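In what follows, structures are represented as structure tokens.
The two complexes that follow have chain A in common; it is paired with chain B in the first and with chain C in the second.
Moving on to the complex of A and B:
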């Protein structure tokens, strides 16, 4: 529900992984009916803990895996499984991924120049030879590796973690994408280097008008980077709002706990109601029910739907405290007591 | 009163590929009874090596350790053999970074307690079971967990078990090396709140090591910051809002705060931490420092700014930096 039409969109996307062993077959819902939109030039942060499904979302958008249900739309068209090779190549040119681990995402036997030049060659964007070399140098300087010429012939092991991640960013930028998917791009970097990589991504967003899905487990990083934040828990979007609204006025009990855990002192304050046990995938209720400090009987029985909060722009929440099945009351008066 | 842990001039050399590499140099700090000291630094700064050296877990064939480490007044570096084995766990326990993997996967939780208690002379299995159940209760785990195997527990539960194990012999000092890095923030908060409560209840001291300075400033009583194998600044938590070392200042600044949007742009620290086989001459931070001057070509001393509370800093220009603070506040 952004003001401008979405450039890329997940519509009710689900992803199911099936574990088959000799005796049993178990099903894991990595994503359940997830809907997200990103407008042109917009940064959406997806926040969640490990196992929440945020990396699965990234893989779906990068077309590294297929949705089990729902659709992915890009630039006004559904990108479905039957997409032809040409269409898929085009999509992959325009939607690029930055990986979490700058150590394993570069091939140790290839130079920096090879990594950054490859996408240019694959997508036939620049003729091989001097033009390609020049373009690679320009890209390296765009991501802050000066002078580009000196980095071209280096191997990954000759670079620091921060420099490697910049090579990863240059590689993603090479085909001049419209969307960047950044999956925890700073979590493996030294703390003193993180902010500069974040600032680089923000600069690229301004200069190149790229859209970005910024995936993180860190709310303050999300707030620093993003226009909007979506909070994910166990494959479900629990709450989504403009960044400042979410930080100032979170309504979902899970978001509140997350915020609280990142700010409050230790040894006091509210805590979760229950341990993080294994969730029964057939459980009909809210995925946060076992840990929720403000749960109600209905929460174990039916899954709350994600719905927009009345009188608030672009703020939606998936919680029975807001969307009572019987009498739909939404807004301030339905505020849960946490 | 005598501090529980007193470290003075600690150094550690690693033997690597036929070379000797100094990874920790001139580290001095003390931890009082019941106090929690946070040790912060980036990866490779030597903070985990300090933990291993203080716990005497570095093998002599891999590393040389020198300087002074006193535990309750006794020279801990001089202990060998049975004396060392008995002191470990009883006086100092370690909760390591890989606590998830610190449990033996093929024995149940009770056996993990029983093995350790037996090794320290508690051989009555019935009493050990009772003691293990008590310890689990301290960290809010039910007795049934004793019959489980590590793979049947969640990461947070395993971490609680490891903390319960560390508490078993009433240690004076628990060293926690990034104990919650692999856990999500809500579980982290729960476990660290528990540690704080237990600390008040039982009175042990904690050396808490992490790269997450923001966490330390909320959790601990005092903080020490390491850079390239050396301590650069120490002081009570409140001191770090006006810290005197340019590196600590930059480190505090380098996390966006929770309510800060990019419209209020912050800068990271330029450059990268040095390679310890060729540390920069003089101050080790000077190539990345915004306050760099000629004097920084000479290695700065570890200098006390105040004795009570103890504030110490390793920067030749700390007085100028402090005066600048005063003038900006006025």
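Moving on to the complex of A and C:
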């Protein structure tokens, strides 16, 4: 997959939120020099706990917010913050997003048909009238709402959570995008419905050849969905590898903890050492240092550099334990992080 | 032209459904129903004034200062006018001013509130600065000062004067609600879908605050009724037009209270109070509908 140029590429993207109050000015680093790529037709899962910057990454890619530093490349071109209306509209057609909360992502005053029909109308993909109505019904049936005709005039409050999320997916599919950003699309659904929605997304991926950024906090879900998994902690990519490699042979202490936690029985699983206190943004060390079970003195002093693991293609880790032992490969699309 | 397809997909069931969705529960609410009934009563009286009114309200040919009788149900004025006819014709002005001011105020409040909240930044700061300046103007004083310069103010002018001092409240409330709605995923989803600013404001955000807009409208109507009556009572505006306020002005001028001519000042006072109460009751009804904590338990 690394042979063809990536469809989406994040190059050292940072996002800083500044809170100004009368007394003080506090800075929160949501993302810190994040580099990621998604190839055509590839599913990349972004895994991390709450507040790790997953959703910020999604919002940046959906152009709902702008990066504070770094560049986002899409299809060979850097995204321009002062993009013209035409270019932005083109981007909106090609990159779509599925939201986490199916209850707040649909407007209560609009029908299902309106939600799914609007992208078609905005991008003038289908002539107005009967053709558009037919296309809306087809889309609804594509996402498993049969028969589509019956759902068109329904309002969101008449649907279940799972049905609403399907409407959200149909809306995202309407402009026939190249990239789907799925921001924890199953986390607000009943457990029994999650697998259905995940399978639906996998089906769409094979039938429509769409690339996907699948954001989740669940490592096994990520493994089910994705070709590659990137593990994020406090705005930094800790480890990135093909899904099977990462699940079988994780090297970063944080990934191991996540994996142990997801496979351990309740009660006797390993706990993450150390408190989850506010991280001092000026701290020079590794962001995981306060909780790391295998920390070393150097970890509190310098930030580890993201580097490829020798002998393993596509496996990247940001940990001092692996830097000292193995020399980082350079010249690949992963820039060393400062 | 882009609107046509979506309309054909969804508009008919939606329009009808939504209209019923708003109006039916409102009429099921006792307070709102009472308010609507009073309002409709005055509306009918105003419309049918030429039919209902027994005499020309300007005629001064009757016995002056007469107490209520079969010929003059509400008696006559000191200059011999029929008070019932004046009351009936006088319904028109307060209604016109109330609805006019309510409409103008709501339009300005919606336009400024939603755009400031939605677009933010410098635009928001400038608009809110202007809003705050108008907000601290003492309402009635400004209205009195402006209208004393307008010698022959018609209803539209009075509506405008009232609007000048009443729009900032609504603008601030609607801006706050817009800020709240803006953070909701459905607005973000609409942006991702490619919606333009105008559609975001009027098709995504505005329909979600119809109750706020409606209550802003009715509150302004209430304020306008009282303010217009106050102006007329003070002799500002045109005292030669027939309205509840000008009846009160002439009653006061002729010492109706001193001579005990209660039929002269009680009916207009009562009417002003009732119309104001009608708007307030509709507002309470909307409030109860949209705020479940205020809703009474169903028996």
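Keep in mind that, in the parts below, the second predicted complex is superposed on the first by the 316 of 338 C-alpha atoms of A that agree within 3 Å, B and C clash if a C-alpha of one lies under 4 Å from a C-alpha of the other, contacts with A are read in each partner's own complex, and residues count from 1 in each chain.
Here, a residue touches a chain if its C-beta (ideal position, glycine included) is under 8 Å from a C-beta of that chain, and two chains touch if they have at least 3 such contacts.
Predicted, not measured: the structure shown is a model, and the values here were computed from it.
Judged by the touch definition given at the top, the superposed model places A:118 against chain C, while chain B stays out of reach.
Contact with chain B, but none with chain C, is seen for A:257 once the two complexes are overlaid on the shared chain. Contacts of A:247 after superposition on the shared chain: chain B is touched, whereas chain C is not. By the document's definition of touching, neither partner reaches A:55: not chain B, not chain C.
Look at A:136: by the touch rule set out above, it reaches chain C but stays clear of chain B. Using the contact criterion defined above for the overlaid structures, shared-chain residue A:160 touches chain B, although it does not reach chain C. When the two structures are aligned on the shared chain, A:202 is found in touch with chain B, with no touch to chain C.
The contact surfaces that chain B and chain C form on chain A in the two complexes do not overlap at any residue.
Those residues of chain A that touch chain B in the complex are listed here as 49-50, 160, 162-163, 190-199, 202, 217, 219-221, 223-225, 243-244, 247-248, 257-269, 271-272, 275-277, 291. Residues 1-6, 8-10, 13-14, 17-18, 184-186, 188-195, 203-204, 207-208 of chain C are the ones touching chain A in the complex.
By the touch criterion stated above, chain A contacts chain C in their complex at residues 59, 62, 64, 89, 92-93, 96-97, 99-101, 104-111, 113-114, 117-124, 126-130, 132-133, 136, 152-153, 155, 168, 171, 174-175.
Residues 42-44, 154, 156-157, 184-190, 192-193, 195-197, 200, 211-213, 218-219, 250-251, 254-262, 265-270, 272-273 of chain B touch chain A in their complex.
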